[in-house]
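Just below sit the structures, each encoded as structure tokens.
There are two complexes below, and they share chain A, which is joined by chain B in the first and by chain C in the second.
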Partner chain A sequence: MKVMKFGIGQPMRRVEDLRFITGKGQYTDDIQPKRATFAYVLRSPHAHARFKISDTAAARAAPGVLLVLTASDLAHLGTIPCNGVPDDVDMVLPDYPVLARDIVRHVGDAVALVVAETLAEAREAAELLEVTYSSLPAASGITAAMAVGAPQVWPDVPGNVGYDTSMGDAVKTEAAFAKAAKVVSIDVVNNRVVANYMETRAAIGEYDAKRDVFTLTTGSQGVHGIRKTVAQTILKIDTLKLHVKTPDVGGGFGTKGFVYREYPLVLEAAKRIGRPVKWVADRSEHFVSDAQGRDNITTAHMALDARGRFLAMKVDILGGVGAYLSAFAPYVPWLGMSMATGCYDIGSFFGRTRIVYSHTVPVDAYRGAGRPEAAYVLERLVDACAREMKMPPEKIRALNFVTPKQMPYETLTNRTYDVGDFAGALKAALAKADYAGFSKRAKLASKAGKLRGIGIASYIECTAWGDGEEGSVELRPDGTFLMRVGTQSNGQGHETAYAQVVAHYLDVPLERIALIQGDSVQVPTGNGTGGSRSIPVGAAMLTRASVILVKQLKDLASDILETAVTDLEIEDGAIRVAGTDRQVTYGQIAASPKASKAKLKATAEFVPPEATYPNGTHICEVEIDPQTGETSVVGYHLVDDFGMTLNPLLLAGQVHGGIGQGIGQALMENTVFDGEGQLISASLMDYALPRADHLPSYDFETRNVPSTTNPMGLKGAGEAGSIGSSPAVMNAVIDALYRGYGITTLDMPATPHKIFEAIRDAGGYR
Partner chain B sequence: MFAFTYHRPHSLRSASAMIHKVEEGKLLAGGQTLLPTMKQRLAAPSDIVDLMQVPELKGITVKGSTVIIGAMTTHDEVATSAAVGEAIPALAKLAGGIGDPQVRHKGTIGGSVANNDPAADYPAACLALNATIITNKRKIGADAFFKGMFETALEPGEIIKAIAFPVPSKANYQKFPNPASRYAVVGVFVAKKGKDVRVAVTGAGQNGVFRARTMEAALAVKFNAKSLQGVSIPADGLNTDIHAGADYRAHLIGVMAKRAVAAAV
Partner chain C sequence: MQKISMIINGRAASGHVDSRTLLVQFIRDHEHLTGTHVGCDTSQCGACVVHVEGKAVKSCTLLVLSCEGANVTTIEGLANGEQLHPMQAAFREHHGLQCGYCTPGMIMAAVDIVNRKGHHLDEATIRHELEGNICRCTGYHNIVKAVAAGAEAMQHDHAAESAHAHAAE
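Coming up: the complex of A and B.
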């Protein structure tokens, strides 16, 4: 097939951007239903307390108040389910009620909902609710929750350990460790982060009494999953009695994919008062009401032979889940364990994972979900191995990589990598980064009083596994096309990327291809966006649908033009008889009496047979001011294998954004709970997000090896940036500190304060 | 936010009359501190007296060797003022490093000085440059004005009109910003005027901005970064928070002071 102007692989600018940058985006809070009322959620100021709401009368009688809901009003509702229990794990699933009952378990735990004519009235009335808390001792974070005699989050989960599971061969691994020439061990903390999308969560609940149908409008990562959970499990109604809509979404990162309490609450409230109910989180609320990310403490060991080959590896993961079990919380650390061996061919492996409750905000999947944690542990460990073996970090990697010849490669964690050239990506990245010239740059920096360090992270991750997507492409009467897809753009640019697939086959400009997403009525099925699945799964499905539609339209054109299908070709928005100027436009085909709805629409499905495995190498260069402890990222080079590039601009956008998050986590983002479980970094005045001036220019290139499990060769690219970056940055920071002061370990975030303390403790200021 | 009554006087006299007449009134300048506090319902004034339209509080003038900046002058106006840039470049640079562009276009010098946030930048400039705070009632020297965290010599309803900065022979401000808010974790303003050397430290002290007398003494002997070698500020009395411990702040004061002296022009 010839290269289409707007098609696959072209650096098309985003068709949605004009709308966004001219302020015409429609986010949930931009929608103002007629007769809307406003909801305010009263939240717990305590991390752990028994509570009683002794009086709601004053609040109910306050000006403008329409409804007050507490747990006792919601006995008919189900609880928020957790669907992410790993297959081989047996565990208790504690109740996650829509409103807390008798006990609050984290700061921000939802206690009551007040609905009024205005938000100010709802808020003021909430202050009139008489809530008496008797505070209980709190387990603030993983370490506190694991301590002997720690306060219990759940009575039926002794020791706060939600599950304790393992993977691999303990006996073989111990035997390998016993005969190793060297054993290298590290302890690392993967710091908890707060998603902080630009658009905070919001929800509008409506109820049509005549049809007995609810409508939920909310910025999500896919309407169908939310519909199923809210309808079937919580409201206990038929799925078709709930219509879920998602307008434009200002960032999701996994965190907007879950069902949150406010969704059933606004629906229940709307039904009770017979008017639309709107709730919008403010930034402070975001910090305590949305699931947070990461939060692992891991110990890892590598056994090596005298040459530096990895004989065996052990990891012991503690995954913090907070107080309640959010949607995929138990699955995330387990998923991390399943990627623990990364790009390396290791003789044997044993992993243990425990999830740990504490009186803190729940934790769930966040951009990368388990894979960044795994890559972070492994790449820190590999660098530690290099240091202890006195081997260059690139050499120890190259020596231990799984080679292309070994593909398909069965990992010791039951995964099959189909393709990948890890050494090739490393080599290309080293060249881009002028790795050989580093020592010269380090000398120059040292003359200027700075410490320079360079860090490598070679990662592999898994994307787009599990459920498929069914969707359609149709030709509309006006000659334009319409795609229906059950994934959800959160700002990634699906309108553009998907249109490029259709344009590729039908040769029409992107503006003539519209996308319907985010509507559970207009798009019958879907599995949403997450795990970098939209492009590998959605685009593969659209390819199939486009091919079918091309055939159907050619059949129609053949009828209309009275020419054999084999003589027809698609060009410039029309189907023509090859080599002539006889043609029929799409508009004419749509208007033809020979056309029918069925012939103008193609539906297809793609179910991925396996995950795809994007991989690559990030190389980060930093300069540390040893006087202040400040780190600047001065160089960033990376080579990624995404199998196939649908749109290089969109791809770069995903990679840049992901690295920004990784740099933020590595150097700045610090979620701090005090001993009592109070979140003390609960606003953007204290929680440091990276800004443009903290981030370098990225030197990014692809070195694609097409996936064999995806019909287009695609591998997911939405999370990879955040996976390779935090270890590359930390390896660079530790490299600098090692050169300067022999420091070999430091936890994220490597804030100036922490670096100062590390240098001080190493005697650097004496 | 709670309900309040809004007033917009057009002269200093009527502003003063209004603020004294109302029950629990607050003056509003750029609103960068006051409005977030009200939105979080941590402040509930009955009345707001907006100083935006008060002409007496505006403008930057240079009189002999003094720069006088009206209270309602925004940080951005100070940062980009040619007059300030020429007379006291360190002051213009300080203003250009406050917060972010939005904050600099709304926040004012009067609001900042009146608020005396322990991590704000201007208090350090006032103290080190030996500025005079001119109110609608009197003139107050900087040493007498800053009374501790969020505390000043202002009486209830007293309005800052302008701040007068004597032009130094050399000055510089070095700030180590909080990466989230960009307030000072530690900021050190060093100024030399004739023989007089003043070093003011913000962001670090539990009682807000203070003068580092041992540093001043060392620099009075010789105004050179080397003079500060071995002159340390004790960690006692310094802040500890999630961004920095007291010992780190003490260390940063030394680093910032040396850099300020080395960069002073």
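Coming up: the complex of A and C.
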């Protein structure tokens, strides 16, 4: 097929940008319904306490107050479900009520909802609620919760361990360790982080009494999943009695995909007062009301032979889930374990995964969800192996990689990598980074009193597995096209990327192809955006729909032009008889009496048979000032295999953003609870987000090997940047500290303070 | 409630406000100009940057009553009708935005950087000058490119100069 000028592979500028750069984007808080009322959620200041609300009368009587809801008003509602229990795991699912009943279990646990004419009135009235807390001992974080005699988060979960499961072959692995020439071990902490999308969550609840239909407007990652859970499980109504809409979304990163308490709350409140109810989180609230990310403590061991081949690996993950089980919380560490062996061909494997409750904010999927944690452990371990074996880190990787000849490759964690050339990506990345020239640069830095380090991370991850997407493409009466897809852009640019697929087949400018997403009525089904699935699944579906539509339109054109279909070709927004100027435009086809709705619309479905496996190598170069402990990222190079590139501009954007989050986690971001479970990093004054001068430019290129699990060869790219980056940065930091001070380990975030202390403990600056 | 009047994007705006009202609340809730965003509650993120008397300010840091008679430009007032301001065009051309939430503040801050620092900006200057604006999507790479290109383009762009003059009035 010829290359269409607006189509697949072109660096098209985004159609959605025009509204965003002119201030015409519409996010949930920009919607101001008539007669809107404003909701405020009263939250617990304690990490663990028994509480009683003795008086609500004063709050109810306060100026402007329309409604006060506490748990006792919500007995008819279901609890927030957890849908992410791994298949092979049997576990207790503790209650996650819409409002806390009798006991609060983390700082920020929702206690009451106040609705008033203005937000200020709702806030002021909330202060009049008489809530008596008797504080209880709190288990603040994984280590505290695992201690003997730790306070229990749930009475029916002894020891705070939610599940304890394993993967792999323990006997074979132990046998391999017993005869290893060398065993290398590491302990790493994957620090808890906060999504911090720039648009905080918001929700508007409306209720149409005449039709008995609720409408929820919220910035989500897919309306259909939220509709199902909120309607069926929480409100206990028919799914079609709830309409969920998502306007523009100001960032999601996984964390906006879940059902949160405020969604049923604004709907319940709207029904009770007969007016729209709007709730918008402020930034500090985001830190305690939205699920957080990562939070693992992991021990890993590698058994090697004398040449440096990996004989066997053992991994033990403790995954913090916080106080309540958010939507996919139990699945995330399990998913990470399923990618534990990464790019390497390892003789045998055994992994143990436990999830741990504590009196902290819930944890759930955040960009990469388990896969960044897995890559971090493995790539730190591989670097430790290289150091102990006195082998160059690139050599030990190349020696142990799964090779293209071994594809398809069955991992010891029950996955099948279809394709990939890990050594090829590593080699290309080493060249881009001028790896050979590093020692010269390190010497120069040393003369200037700085420590230089270089770090490699070769990662593989899994994307776009599981559910499919069903959607459609239709020709509208005005000759433009309309796509309906059940995924949800949170900023990725689906309006452009998807339109490129349709443009590729129909040869029309992107401006003539519109996308409907984020509406559970106008898009009948969908599985949302997450796990980097939108392009590999959504675009694959649109390919199928476009091909069907092309056939239908050519059939119509054949009728109209009275010419055989085989003589027709698509060119410049029209179907013409090849080699002539006889043609019919899409507008004319749509207006033709021969056309019918059915002939102008094509519906298709794509269900991925297996995940796609994007992979690549990140190389980070850092310079550390040993006197202050400050780290600068002075070089960042990476080569990724995304199978196929739909839009190189958008692809690079996804990669850049992921790296930014990975560097943030590695060097700055940290979620800190004190011993009592108080969150002491709950604002942008306390939680360090990377700014422009903390981050470098990125030198990125693709080295694609098409995936075999979807018709376009695509592999998901939304999360990969965050997966390769944190280990590359930390390997670079440790490399610098090892060269200067013999330091072999350091946990994220590598803040100046932590590096300063590590240098001090290693004998101090010299 | 107190009376407040100002000029926003060249048009008179007035209303009666609670004395606690912030400029950003007046712009969004009273004037319904929702392109100016609120991203935090500690004046860290810069999603709310507008120009007051031609200078970039975080509109969450000003009580609206302190802006009596002020000349305010928001993102909605930057383009010259249908013609984009060169900085807006540069953000699109260089894919300097993803979710778009920080973008209005970024663009307003970027125009202010050019007004103060000129049209030829190196990467270090741009990165340093953007310290008051947070983006969580792009990793800044393309924002930095967009600001550099937008700064160059502003030099010879008539629309930009007239908008600048208008803002500085």
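Note that the second predicted complex is superposed on the first by the 765 of 766 C-alpha atoms of A that agree within 3 Å, B and C clash if a C-alpha of one lies under 4 Å from a C-alpha of the other, contacts with A are read in each partner's own complex, and residues count from 1 in each chain.
Going forward, contacts are C-beta pairs under 8 Å (C-beta built on N, C-alpha and C of every residue); 3 or more make two chains touch, one makes a residue touch a chain.
Because the structure is a prediction, the values reported are computed rather than measured.
Does the superposition put A:A120 against chain B (first), chain C (second), both, or neither?
After superposing on A, A:A120 lies in contact with both chain B and chain C.
In the superposed arrangement, which partner chain does A:D88 touch: chain B (first), chain C (second), both, or neither?
In the superposition, A:D88 touches no partner, neither chain B nor chain C.
Under the stated touch criterion, name the partner, chain B or chain C, that contacts more residues in chain A.
C
In the overlay, answer first, second, both or neither for which of chain B and chain C A:H656 touches.
A:H656 contacts chain C only, not chain B.
In the overlay, answer first, second, both or neither for which of chain B and chain C A:G23 touches.
second
Quick one: is A:E410 in contact with chain B, with chain C, with both, or with neither? Answer first, second, both or neither.
neither
A:L684 contacts which: chain B (first), chain C (second), both, neither?
both
After lining up the shared chain so the two structures overlap, which partner does A:Y698 touch, if you call chain B first and chain C second: first, second, both or neither?
Touch status of A:Y698: second partner only.
Both chain B and chain C touch chain A; at which residues?
Correct list for chain A: 120, 284, 684-685, 689.
Give the list of chain A residues in touch with chain B in this complex.
Chain A reaches chain B through residues 120, 284, 627-630, 668, 670, 672, 680-681, 684-689, 694, 751-753, 756-757, 760, 765.
In their shared complex, at which residues does chain A touch chain C?
13-14, 16-27, 29-30, 32, 120, 195-200, 248-251, 253, 282-284, 490-493, 649-650, 652-653, 656-661, 663, 683-685, 689-693, 695, 697-698, 721
For the complex, which residues does chain C have touching chain A?
18, 20, 28-29, 32-42, 44-45, 47, 74-76, 78-79, 84, 88-89, 91-93, 95, 97-104, 107, 123-124, 126-128, 130-131, 133-144
Provide the residue numbers of chain B that touch chain A in the complex, in ascending order.
1, 40, 176, 178-181, 183, 242-245, 247-248, 251-252, 255
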